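Listed after this line are the structures, all set down as structure tokens.
There are two complexes below, and they share chain A, which is joined by chain B in the first and by chain C in the second.
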Partner chain A sequence: MSSGYLLTILIFTAMYISLALSLNILTGFAGQVSLGHAAFLGIGAYTSAILTARYEYPFWLAFLAAIIITGIIGTFLGLPSLRVRHDFLVLATMGINFVVVSIFKYVDFFGGAMGLVNIPAPTLFGITFRGGVPYLLLTAGYAAFTLLICWYLSKTWSGLAFQTIRNDEDAAASLGVNPARYKIYAFGISAALAGGVGSLYAHFLGSVFPDNFVFVESIGIMSMVIFGGIGTLRGPIIGAILLRLIPEWLRFIQDYRFTFYGALLVLMMLFQPMGLLGNESWLWRQLTRLFRATSKVKEEVQG
Partner chain B sequence: MLLLQNLSNALILACTYILMAAGLTMVYGVLKVLHIAHASVYTVGAFVGVLVFSWLGNFWLALAIAMLVSGIFGVLIYRSTYFYLLNAPRTVPLIASVGMFVMFTDLLQKPFLMGAYQRAFPAGGAGLSAIKTALFSFTAKQVLILLVTLILLVLVYIILTRTKLGLSWQAASMDREMASAVGINLNRSIAANFFLGSALAGAAGVLVGVYNNSVFATMGDLPSYKAFIIIVLGGMGSLPGAILASLILAIVENFLVASVGYVLPRDSIAFLVLILMLMFRPNGLLGRE
Partner chain C sequence: MSQLEIRSVSHWFGGLQALRDVTFSTSDEILGLIGPNGAGKTTLFNVISGFIVPTRGEVLLNGKAIHRLRADQTIRLGLARTFQIVKPFATLTVEENVLAGLGTPYYPKAEALYKIYRTRENLEKIEQMLEKVHLSEYRFSPAAKLPIGLQRRLEIARALATHPKVLLLDEPAAGLVAQEAEELADLIRDLHSQGIHIILIEHNMRFAMNLCQRIVVLAQGEIIAEGVPAEIQNNEKVINAYLGQE
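Up next, the complex of A and B:
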């Protein structure tokens, strides 16, 4: 395995960690199951690609624009969540994914099925990030930024508000939490963060095609969140790492990637709906028990 | 004249939608699960149909075996997954369903099953003849679709209204616990529901395969998404609503797309309709509240 190949895998893993974390804000924290997250990745990628490749704006501006524009679009696309709940919201987000992809595919402004090419490598502070280690640092830095935002959201009042909405919307409303406002927040933040990944994604590959952002991509991101442990910070990170790396280790899975993802979703729903390392999951209970046992032994030794 | 011909074309399109949506709406009625893996059942039906047809050369036998196999496939899906998730939050079986759909679509594309290419389904009109009148005409294939859909719908109507099984579904759709409290064998009832719904999807797959003379691994994707649009339009879990919505969607697609220039392909128009319906009339065209 060449080091370039390994770096590419790591760069993608970093990007998918950010994606899984951003979806987790919406689905894990606020409880709004969305199967259209790849659409936000796509909107960010296309925004950044068009601004730099066609209008020759600098990377940092395109990157910020990707985050802001995707955030605004995500806020609007979150509107169905105010009307429909649970399973019907899932249908609506699937529909959104299809409509966004077909807009990319059939509207000439977005380059049609041929996609957009010649997207320049990003330049920041005079340094050009052309693949390799610098790009890994860039994507890892963004993943850290996403994690920081997730951590902040989970520790503050808004995190509590998300939780009450997830658990019981009507109860949340009666406690003075405005479910509509916080759902829209969750959609906006989640989409904005995914839009940033989209920008990094487009500049890393140098070209974007509508097929990069189809429905099964959304399934892949959702698999990571669910596999790792929905609603936690560690879960989506572990999920993204494992689901990116396992197919690389086991080549036969590579050919059956989506069979693997699909089967994993079914098995997790049947046996561990909270994910591998979610709260209340078997593995996490064992780990915390082990941790408690060892800290108790330590106390006794010290005591 | 053109209007009538357009209408009769829309009717054929609606027939295939109805068979697909009838199964979904039956499953939703009883289980309250959005059964996305229904698309795989449809594709498996078409695949089995084309296999049996190429062995035996008899369309009707192929249709019967395809319906039987897809029915069993549907029951297996239920028994292996949904059965264990009946009391989970509604997104849990939905995510499992999406997982199965992705898994089966991927598996079906592998060379040892269907492969990535299209197969011809040269059953023609299966011995039926075309109908030609002064105002409209149906080709032999269209007559076949109309005939099979009508027969199956009458069958479903009889089962739903005249048998204990149909009554047990109605009871289960109102209140599962109460239904089992009054002595309905819920397991058998739901399994039969899946069998019938899946057999209808299999029949739809075979008919569409014959109509387009092509069967391929991802052929179920669009019909199943459209079937969701139909059951939302028709008010969830209502069979007459689904039939009406199938007709409306088919007519709108045929006329709007044929007469007005469009920016987006017709399939994304259907999705826009779905999103707008969910936002403004989430209980369907006929739904109350």
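Up next, the complex of A and C:
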């Protein structure tokens, strides 16, 4: 495996960690199951691509615009969640994904099926990030930023409010949480963070096509969140790493990647619905038990 | 001091009339709301707490109309409630459930997005509240793992954390054994002595009669009697309503 190839895999892994973490805010924290997350990735990618390739704005401005514009659009696309719950919301978010991809495909402004090409490599502080290690640092930095946001958010009153609406909207309302407001927050924040990944994605590939952001991509991102452990911070990270890397290690399943994801999802739902490292999962229980045992031994040794 | 007035409240669910011209007022007491199944008690609670906008009539809290407010708005006026079918936040610990109740003033503000909830001050408040309802030893247990009786107490603790002036309890004694029910009655009296206005729905007659200072009886959406427990116990209409006679 060439080092360039390895770096590409790692760059994608870093981007998917951010994506999985951003979806986890919406689905894991706030309990709003969305199968349209790739649409937000696409909106960010197209925003950044159009601003830089067509209007020659600098990368950093396009990157910020991708975050903000995707956040705003995500907020509006979150409005259906105020009227529908559970499985109907899943269908609505799927619909959003199809609509967004169709707009990319059939509206000339977005380049149609031929997509947008010649997206410049990002330049920051006079340094051009053209693939390789610098780009890995950029995407890993963004993943760290996303993690920081998620971690901080989970400590705030709004983080707690998300948990309450995930558990029971009526009980949440009885404590003063307006479920509508918090769902919109979750959609907005989740979309904004995914929009940032979209920008990095577009500038890394140098071209974007509607087919990059189709529904199966959304399924892939959701698989990472569920596989790793929904609602936790570690889960989506582990999920993104494993589901990006396993198909690379086992080359023979590369062509059947989505078959593999699908089968894995079914198995997880059956045997470990909390995911590999979710709070009530088998592996996590073993790990915490082991950790407790070792710290006890340490205490005894020191005591 | 809190006064709650229900004025000519009627509510229909499609063709079914759940409440018929219900009118009463209550201030700073322990008021019991009783009646056979389907009498409209929980519907009335849903109207008062903002989960249902009544088809007709109005609800006033200290003279202010509240029947068009949402649940997350009435709570900020000091009107807290529990649910007939307990709704603890199952994935959160007991401590986090009660902490969620402390957030009431923050949730509508932008500062909710950056203010940390787990502060030492808040944790100390939680400790006191859990002691009050005898849940201290379960502080770190997931709410889902508590038996039903403790979940009911947790819901009361969570409601208390919002610092209510009025507390609506929907069948707080349901599913409790006698000993637990007595402890609960003591807790409710204690809360009332601290100035909280209590309104409770109850099916357990002995519990309601012993605890409440005044009782309102609903049957088929209508008030059929109102008075002190002794009067209610001997009221013919009430007896008939419960025994199903015409």
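To be clear about the criterion, the second predicted complex is superposed on the first by the 303 of 303 C-alpha atoms of A that agree within 3 Å, B and C clash if a C-alpha of one lies under 4 Å from a C-alpha of the other, contacts with A are read in each partner's own complex, and residues count from 1 in each chain.
In this section, a contact is a pair of C-beta atoms (placed from the backbone, for glycine too) under 8 Å apart; a residue touches a chain by one contact, two chains touch by 3 or more.
Treat the numbers as computed from the prediction; the structure is a model and nothing was measured.
Asker: Give one of first, second, both or neither to describe whether A:Thr128 is in contact with chain B, with chain C, with both, or with none.
Answerer: Neither chain B nor chain C is touched by A:Thr128.
Asker: For the three-chain arrangement built by superposition, which of chain B and chain C touches the greater number of chain A residues?
Answerer: On the superposition, B touches more of the residues of chain A.
Asker: Now for A:Ala171: first (chain B), second (chain C), both, or neither, which partner does it touch?
Answerer: second
Asker: Quick check on the superposed pair: does A:Val84 touch chain B, chain C, both, or neither? Answer first, second, both or neither.
Answerer: first
Asker: Classify the contacts of A:Gln163 with the two partner chains as first (chain B alone), second (chain C alone), both, or neither.
Answerer: second
Asker: Using the touch definition from the top, say if A:Gln286 reaches chain B (first), chain C (second), both or neither.
Answerer: Touch partners of A:Gln286: none, neither chain B nor chain C.
Asker: With touch defined as at the start, can you tell me which chain B residues reach chain A in the complex?
Answerer: Listed in rising order, the residues are 33-34, 81, 84-85, 88-96, 98-107, 110, 225, 228, 232, 263-265, 267-268, 271-272, 274-275, 278-280, 282.
Asker: Within their complex, state which residues of chain A touch chain B.
Answerer: Residue list for chain A touching chain B: 33, 35, 79-80, 83-84, 86-88, 90-92, 94-96, 98-99, 102-103, 106-107, 216, 219, 222-223, 226, 256-259, 261-266, 269-270, 273.
Asker: Tell me, which parts of chain C touch chain A in their complex?
Answerer: 49-51, 70-72, 75-76, 80-81, 83, 87-92, 96, 99-101, 103-108, 111-118, 158-159, 162
Asker: In the complex, go through chain A and note every residue touching chain C.
Answerer: 152-153, 155-161, 163-164, 166-168, 170-179, 181-182, 185, 231, 279
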